[in-house]
Every structure is written in C-alpha cells, then in structure tokens.
Amino acid sequence: MSEQQPYEPKIVAFLCKWCSSAGSDLAGVSRIQYPANATPITVPCSGSMSPMYILSAFNKGADGVLVSGCHIGDCHYMEGNFLARRKLHLVKELLQFIGVEENRFRMSWVSAAEGAKYAQVVKDFVEDLRPLGSQEKLKAQRT
Amino acid sequence: MINIQDIRDTARDLLAKGEVRAVIGWRAGSRGMPAEPVVITAPEQADELVWDPTCYHNLALHLVEDRKFLAHARKTAGAPIGIIAKGCDARAIVVLMQENYFKREDVYIIGVSCEGSGMIAEWKVARQLDGAVPTAAAFAGDEFAFATAAGEKRLPAREVMADRCLECRNPFPKEHNVALGEDKTGRALEAPFAALARFETRSEGERWEFWQRQFDRCIRCFACRSVCPMCYCEECVVDSINIAVAPETTAEEKANRIRWIERSAVKSENITYHMTRAIHLAGRCVDCGECERVCPVNIPLRLLNNKMEREARERFGYEPGASIGGPSLVASFRDDDPGAFIR
Amino acid sequence: MSMEKILDKARLNDWIAALAKGGDWEVHAPALEDGVWTYKPVGDAVRMDHPNTKQPPKGFSFPQREVFFSFEQIKGEAPRLTQVMPDPKRRAVFGVRPCDGRGAVRMDRVFADNVNDPYYQARRKNVAYVGLACNTPPAATCFCKSVGGSPVSTDGLDILLTDLGDRYHVAAVTETGKAMMAVAGSPLADAAAADRKQVKQVHGEAVAQPQRAVNNPEAAPAKLKASFNSPLWEELARACIGCGICTFLCPTCHCFDLNDEMTGTVPIKGNRVRTWDNCQFPDFTMHSSGHNPRENTAARLRQRVCHKFQYFHENFGMLQCTGCGRCVSECPVGIDIVAVVNKVAEHVA
Amino acid sequence: MSHNPPDNIYLPKLARIAHIKEEVAGERSIKTFRLEFVNGDGFDHQCGQCAMLSIFGRGESMISIASSPLIKEYKQFSIMRVGRVTSAFHDLSVGDTVGIRGPYGNSFPVDDWRGKNLIFIGGGCGLAPIWPVITTAVAQRANFKNITVFYGGRSPRDIMYRAELEKLRSSADVHLSVDKSEEGWNEFCGFVPSNVMDKAPPPDNAIAITCGPPIMIKFVLQNLQNLGFKDEQIYTTIENKMKCGIGKCGRCNVGKDYVCVKGPVYSWAQLKNLPQEY
C-alpha cells in the first residue's frame, strides 16, 4: 500500500507537571528543533509513576518510554523524585532482567528552564531507539 | 530436632488457656503427604497437628484470610490468633505487621526452626524414589525418611530439598512468641541467590528467549497470587473487573475502570501480570517460594522475586521481613541511592 | 466389526509420518518440556512414557483463548462484524489417557446440548484422540474406576493403544480411527491370536490395579443434594486459596468468559474473545451491583464438587468427574475431591 | 463481509436505536431504548425472555425484553446504569447501532392464565421484565378477568413508565406507591408489600407476578402467602450474571439449572425447591 517509510520510534514520555512538562513547553516555544517522536503525558510528579503506566505503554506499542521529573532537590512535593529514582530503578532492572533492551526505558531530570535539555534527551533517545527497531516483546497480542 | 509433641502441647495449652482463639498449623493430608494447612480451635484438635518436610505452605496467608473474614463479617478479633511459623512464614508475618495489616499483639507466633534442612521438592523425591509412592515424610537429621509400600526409604536432605530452602538465608523464625528447634541461622547449603547469579550470566537475547517461553506457558490460574501472603489487595489491577465492588460503588467508577491487561492468557498480558506482581512484591517478598511451588506449569517465579530482593539488598541496603518498625523499600530513599542511570 | 492391529514400537514414527502425509493429520503427542508433560506437535521422536499430561487435551477443541469475531465501528455508523472460524486443520492427538477420553465425552455433551456451540464443533470435528491404556500402576491420585471409568476405557477415543512391551496393540474405536489405521503407508500389521490374548491379559491386570475411590458414587448426587446447606462446606474449604488450578487443569471444566479486546479506538476496532473462566474466582458470579450469589470459598468449592458429582449427573445422567486426579495432585493446599465427596456423603444420613 | 450464518449463536444481529426515553434520573438512572433490527434480520420473543445486548468494544449484557411479543416493529429495553456496558448504553443516541442476540430463557405461561385475575407487583426497575406480560394481557383484555398492577419506587421521580401507567388505568387497576411521601403525591405511601397488604387482592382464581429488588420480593411473598396465595399462584423472575445465554459458560446456575435456559421465570413452587444461589 504505502511506500516503505523509514522507521520512526514511538516514545511515550511521562513528564512531571512542575518541571519536565514545562521544560518540554519551553523547548516548543523556544522553537528548538527536536524529533516529534515523543507523545507527552503529564503526571503530577515522577514519584506518582506507577510501574503499570510503563508496562502499559509498552503493551500498547510504545518503542520507548521516558520518565522525566524535577532535579533531585527540586521536587514540588519534596521527595517525590527520590522515590521515583528508587522505584523506577527496580522497573529498569526488571525490564533488563527479562531481556528487554536497556535503551527502551529512560529517565531524565529536566527543569522548567531546560528546554534545550529536554530536546536533547528526546533526540538522544530517538537515536538510541532507532537501531533497536520496533518493540515487539511487550506489545499486546490481539489476533 | 523438634518433637511434634512440643508443638501440640504448645497449641493445646494456648487454646485451653484461651490465650489464642485458634491455631493455624498443618495436619496430615488426605493421602498422608503432603501436609495441609489447618485451623484448629479446640485443645483436643491439637493432636492433629504435624511437622514434617511437606509443611510447605506459608501459613501467613491464612492470617490474611482470617483478617479478611473478620473484616467482611464486621467482627472484632478478641483473643490473638496463634500460628505455627517457619523462618519464611515469620518473615512474611513481619512484613504484614510492617504494613499495618495487623498488630503484633494480634498474633501469637509459635516459631518452628527448619534447623539443618527444610522442605522437600516433590519432583526431586519422585526422581529419587524411582516409582515408589511415599505416604509420609519425616525429618531425620541430614536426611529425610519416607514411608513407602516397600518400607522406609531415606534420602539425603540436600538432594531432595526445594531450591528455595537450599538458598534460604534464615531458616529460624526470628520473630516469635515461643520458638521450637535450634537456631541454625548462617548455615550454608547453597549460596544465597545462587540460581539468580547463574541465570544472570546469560545474554540479553538468551534471557528474553527464556522468559518469553516461560510467560507464554502461563495459564493465568493466579495460583501464584492466591498463595502469596503479600498479595492481599482486595482489588488487583490485573483483574479485568473490579472485585472489590460494594453497593455504594458508582456505575461511573465501574464503567471507567481501566483494563490494564486482558483476560487472555497470552504472552503479552502474562508478562504485564508477572512484571507488575514482581514490582509490587519488591521489598515485600520474603522468598518463601510458594508461588514457584504451586505453579502448575513450573514457571521459575522465584527468579523474578530474587532479582528484586537482591537489588533491594545491594543497592538500597534493604532486607524484607527484617523489622516491623522501619519504612518499606519503595516508601523510603537515601540521598545516595543510585542515580547514574538518569540523564 | 472391530479393527485390531499391531504396531512395532520402532515404527510408531512411521505411522505418524504416514498420518501426516497420507491423511493430512497434524500429529500431537506428549512431550516433557520444562518439567511439564505437554501436548506438542510431534518433532522427531515420540515418547509415550508419560504418566499423564499436566493439562488435559481439552484445549484442542476448547482453547483457553479464541477469537469469535472482529468488529469495526465508525462512531455513528453500523458496526462491521467479521466472523473468525478456527482453521480446519485435522489434528490427531496421541497418548490421550482414558480418563481424558471420557472427559471429551462430557465436553461434547455440554457444547452440543440445548444449542450447538459452533466454535467448539468446528474444532472438535477435526480432532482425533489416539488413546493410550494405563497399564502401569496408577498414580496416587488416580480414581477413574470409582467414577465409572477404567484404565482401558475407550470412551471418547478414536483409537486405543495398549503397550505390549516392544509393540503396541492398536484398536479402532470409531470410523475415524479405522481410517487412520488404514492410512496409506501405515506400518500397522495384523494382530495375531497371541497378541489378542496378551492384550486381554494386560487389560485385565490394569483394571485389577488398586486405586483410591469415591465411596458409593451412585449415591453421591443425592447425598450432595441433601448437603447443600451443610456447614461442612465451610470447614472443607477452610484452606482453599481460590486459585484456578483445579478447574483449568480439569478435563471437563468448560466455563468461559466473553470479552471485547480493543485493537483500535478511532474507529472502534477489536475482537470478541472467549477465554476460560473459573468458578473458583470471586468475580465469576458477582453481579454488577457487587452482590455475589456464591460469595465465599465454601460456596465456590461446593459449586465445583456439586457440578461434577450432582448437577451434571442430574442433567446428563453421568458423573462429570472422570477421576484423572489433577485437581487433587495440583491443589496448593491439598483439597482432595475424593475426600470431600466421601466426607460429605458420610455426614448425610 | 458481515453475513451472519444462522447457526452462529454468538454472532449478534444488528439493531438501531429508534427511540430513547429517560425514565429515571440520578445515580441509578434508567433509560428505555427501542431497538429496530437492521435489514429485518431479527427474532420473535415471548413474555419474560431476555436478550444479550452488545456494545462493541465494551461487551455484552443480558437485559430482559420489556416490550410485548405482539409488537414486531421494535424491541424495548429499560436499562439501569450500573456497570460497564449499561453505562455505555446510557451514552448512546438515537441512530446508533448495537448488537443483539437472543431470545434467551423461558417465559411466563401467559396462555395458561386465560380467564384468571392477574396481579402484577413491581418495584424499581423490576417493572420492565413484567411489562411485556402486562401489555400483552391488556392487548388481549377479553382473555383475562381483573388486571391489577402494584408498582412503587423510592420517590415519585423513581417511578418508571409514568405515562404508560396512567394510560393503563383505563383497562387495569393501578396502585402506585412511593417509599417516602412528597408533596403532590396523593397515592399510597410506603413500601410495595405494604401497598399489596393494604389493597389485599383476593387469591381466588388469581395469579400474582412479582419482580423487583430481592428484599421487596421477600416481603411480597410473605404477604401474598398471608393473603392465601398458594405457591403455584406466585411467579417471579431471577437474575444472575450471564455471559453466553445458552447454558454453557457455567456461571448463572442455581443448582443444576442454568437460569439463562431454565429461567428467568419461576413459580414460587419451583423456586422454593432450588438452592438460594441468586
């Protein structure tokens, strides 16, 4: 039907409301060029991330999942990102343990002022995902 | 070695004095072995109790059931409930208390030490007995003694013990009201996390190959969840409908419930289930190994839980079931938790 | 009328090859995988030294998951439904134990009674069961004889094999079985009088092996009926953890769920899917309101036991349980259906 | 594409929503839907039978058919918003297409009741399952003697089929009630069973048909028995969770009977011998 399109990784980016979400907005209003592969979902805090969200994103076909929050020390809720760091470390380890590629899951700290950093994080993520091809391991089987 | 009479006397005494309203323990199964969980409520039932290497069940589960029963019946507990607990059972009880599922004074722990050995793996016994069907099993020092039609057979404990017991870090119930048997903590039958360490020498591709085959086989009987004392949630995210519906639950709530996974026992949904469960057990699983024992299709679930347990220990200095008072693994942090993986 | 043949064990694979080639059969047989006996498409060598498979062969006609139809609906328009029927591949399942053959008979009744189940029938008509008589000592959990079966029963099978040491005795049970035995290139030889004699003897010995038993099974339906409100159920179910092992591994449990699984949202796209369900799960009977007619493990254990030993008997004139013993050997907490039925019967005057 | 072989009972027929009426508002709202089969590909039903309604992507729900079998142009369903599928129904509009398969279950033995007095006792959304009997009896008025309808809701706003009930007064005795009195309400105030006791219909040559919340049915039964009704004179319907509708999925059984096949209609004489599993 359609011509062979070059593979474009689909990223689901969970961004904390206070920092990273604002950071991504800043990247936009500053007209920083970065790939449009990431679909942002705003969450109240990186500490509010349920591992289910990550697994579910992969289940629904995400090639990569990014979680981004405030820098350590800057959490609006004081310690949410400390908890996220610990909890999502476990998720990351478990994904690798069952043989999911390390580069499928990524975390970053991006402040509201770091539009350029957000753009760089997404850019790097896309570049790292590209050689992996589409994510089939955790994707829902429906047929 | 523990004399079964001591266990029975303790239980009988507690029931007779009214110090406990019931004792959770084991009795002989309908075919002799394996033993089965039992809840006794009268002193004269104490003679039913047994203690042998088929007392696999983590009885802390039945404390949870008791709690749920009381909650549904809107009853108060009154006297504490007694429970016979191995090292792993006692650790599970500690986690439950740490999570405020019940209080220390609600439970009377009759600790039993597995001493130098532990529980058997039936498949290992079957392999060694060469067709003979054992009808009873007993501890016998470094050996187990099996009663069969062809007379007593003895097998070295190490050869037929369950992997979980070979790797056990603490066969003595540290938390107890009364403890029977010797404290042999520190014995080394097999290095802790030995199977995990062996598994982790595999490459990423090999690991995926392994796990996808395992998850593909899962039939989603949920025995692993049902048998786990830590899986006490009234409502589980992996259920396709909400089980904890009350008359006051609104239609909107029911209609908007997210189906995180489908009911189909296919690989993708099974992975989501097992991964979610492993994460939810991180810092809570005490490695009693019951999930792995009951799995009808032999999925090595302990590997997942061990992985989380070792991460908790090595990266965060956390040990599940060690103390009632401290914060849980994922509700706490240290300033120097690893963060190099974050950009 | 009957067709009896002899198969040299060394030529079992030749017969299987002939069935695949000449009869277009996809042959499955038990294989030991990850410590679990499972039916698998036949590779190079067929082993038939399995005790019984962990799961019965019911999945060949009633898979754990199957798509009924797919749907696609643009908001405001009529949906388009596309029926998905099972592929018409013929499957021959080797090594089916007689208890599981009798399980198939019971499944057939359920899915044909009242209204035909088109998906079950479409699969079932393409499945042939090549049974294997049990002539080694029964497992500690076997009790087929007391529920009307036998270690050499042919019910529900198309062919019954009997192990005679270096060769199999092959007996046709159905016309399909006969056709399979006569398939082009079949290495089956005629049975000699000595073979027939030996089979008789082997069968006789197999039937004589002692087993556990449901006491007085004829009385079980009435006894269970009389015990519906007995407090005994609570005690019997005390250790039950409410998992699905007993029913998912049962050769006659047929309960299922229907759900829509989405594959797209604009337009709405997805499949209506049937999956096994389980009377031991609390949500099985729970109404939308939260009211649950079988609200505790006691009621749910009673349902399972009464379905096997009372309701099915009242509806179809036979016990549903075939005595395979899987629910007994695999129960995490040792709930034993034989002991349960016997105990309940004892308590009823 | 979507041709339905007649033998696949799991494949729903398609029906278009021709009319929607909001009966009761609030948390447990009730809406009445008229469904017309698409392409005339439908089925006939009898009083008391149910149909499995589908919203593709949400699932199926067993709902009793609330219109008389005499009406061939459409089938009517009164659906209370309680869960996943029923909530989705409440979000639909006229013109939307849904799936429907059936009819399922047994029916009220209306023909056996010719020449008798019929007493209907409904509460809440329990009017819907007996509505086809009421409307059929009224349409064949000459076949029956007195027709009496008791119906009640929590408040005047919870009374469904309000206009239809008013119309019914010309051919039947209609006794409405509300649990709690409110201004402007000039009929009976109190629970439905009390209203029945208050009017005390005689049991002679009568059949009582009741449907409503379990607690209401319990007291209606007691009161009818006190009035001298025999078990064979009392009919009710029961409901259980259902998935297949054809006695195979295994969940709706009460003892040996699958309600989707042997029910939902039972005389009290039958029901009292069944285990209490509903």
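For reference, chains read A, B, C and D in written order, and residue numbers begin at 1 within each chain.
Throughout what follows, a contact is a pair of C-beta atoms (placed from the backbone, for glycine too) under 8 Å apart; a residue touches a chain by one contact, two chains touch by 3 or more.
Quick caveat, the model's predicted, so the values are computed rather than measured.
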{"item": "Selected interface, A-B versus B-D, where C-beta contact pairs are more numerous", "value": "A-B"}
{"item": "Length of the line joining the C-alpha centres of subunit A and subunit C, rounded to whole Å", "value": "47"}
{"item": "Mean-CA-position distance for subunit B and subunit A (Å)", "value": "35"}
{"item": "Inter-chain centre distance, subunit B versus subunit C - centres from mean C-alpha coordinates, in Å", "value": "31"}
{"item": "In subunit B, residues with contacts to at least two other chains", "value": "241, 254, 262, 264, 266"}
{"item": "Contacts with 2+ other chains: residues of subunit D", "value": "82-84, 86"}
{"item": "Overlap residues in subunit A, where contacts from two or more other chains coincide", "value": "none"}
{"item": "Chains that touch, pairwise", "value": "A-B, A-C, B-C, B-D, C-D"}
{"item": "Subunit C-facing residues of subunit A, complex", "value": "142-143"}
{"item": "Partner subunit A, residues of subunit C touching it in the complex", "value": "67, 261, 263, 270-271"}
{"item": "Subunit A contact footprint on subunit B (complex, rising order)", "value": "200, 204-212, 237, 260-262, 264, 266-269, 271-272, 275-276, 278-279, 282, 304, 307-308, 311-312, 315-316, 329-333, 335, 337-339, 341-343"}
{"item": "Subunit C residues touching subunit D - in the complex, by the definition given at the top", "value": "68-69, 71, 73, 76-83, 110-111, 113-119, 228-229, 254-260, 262, 268, 270, 272, 274, 277, 279, 284-289, 293-294, 299, 303, 306-307, 310-312, 314-315"}
{"item": "Of all residues in subunit B, those that touch subunit D in their complex", "value": "241, 250-252, 254-255, 257"}
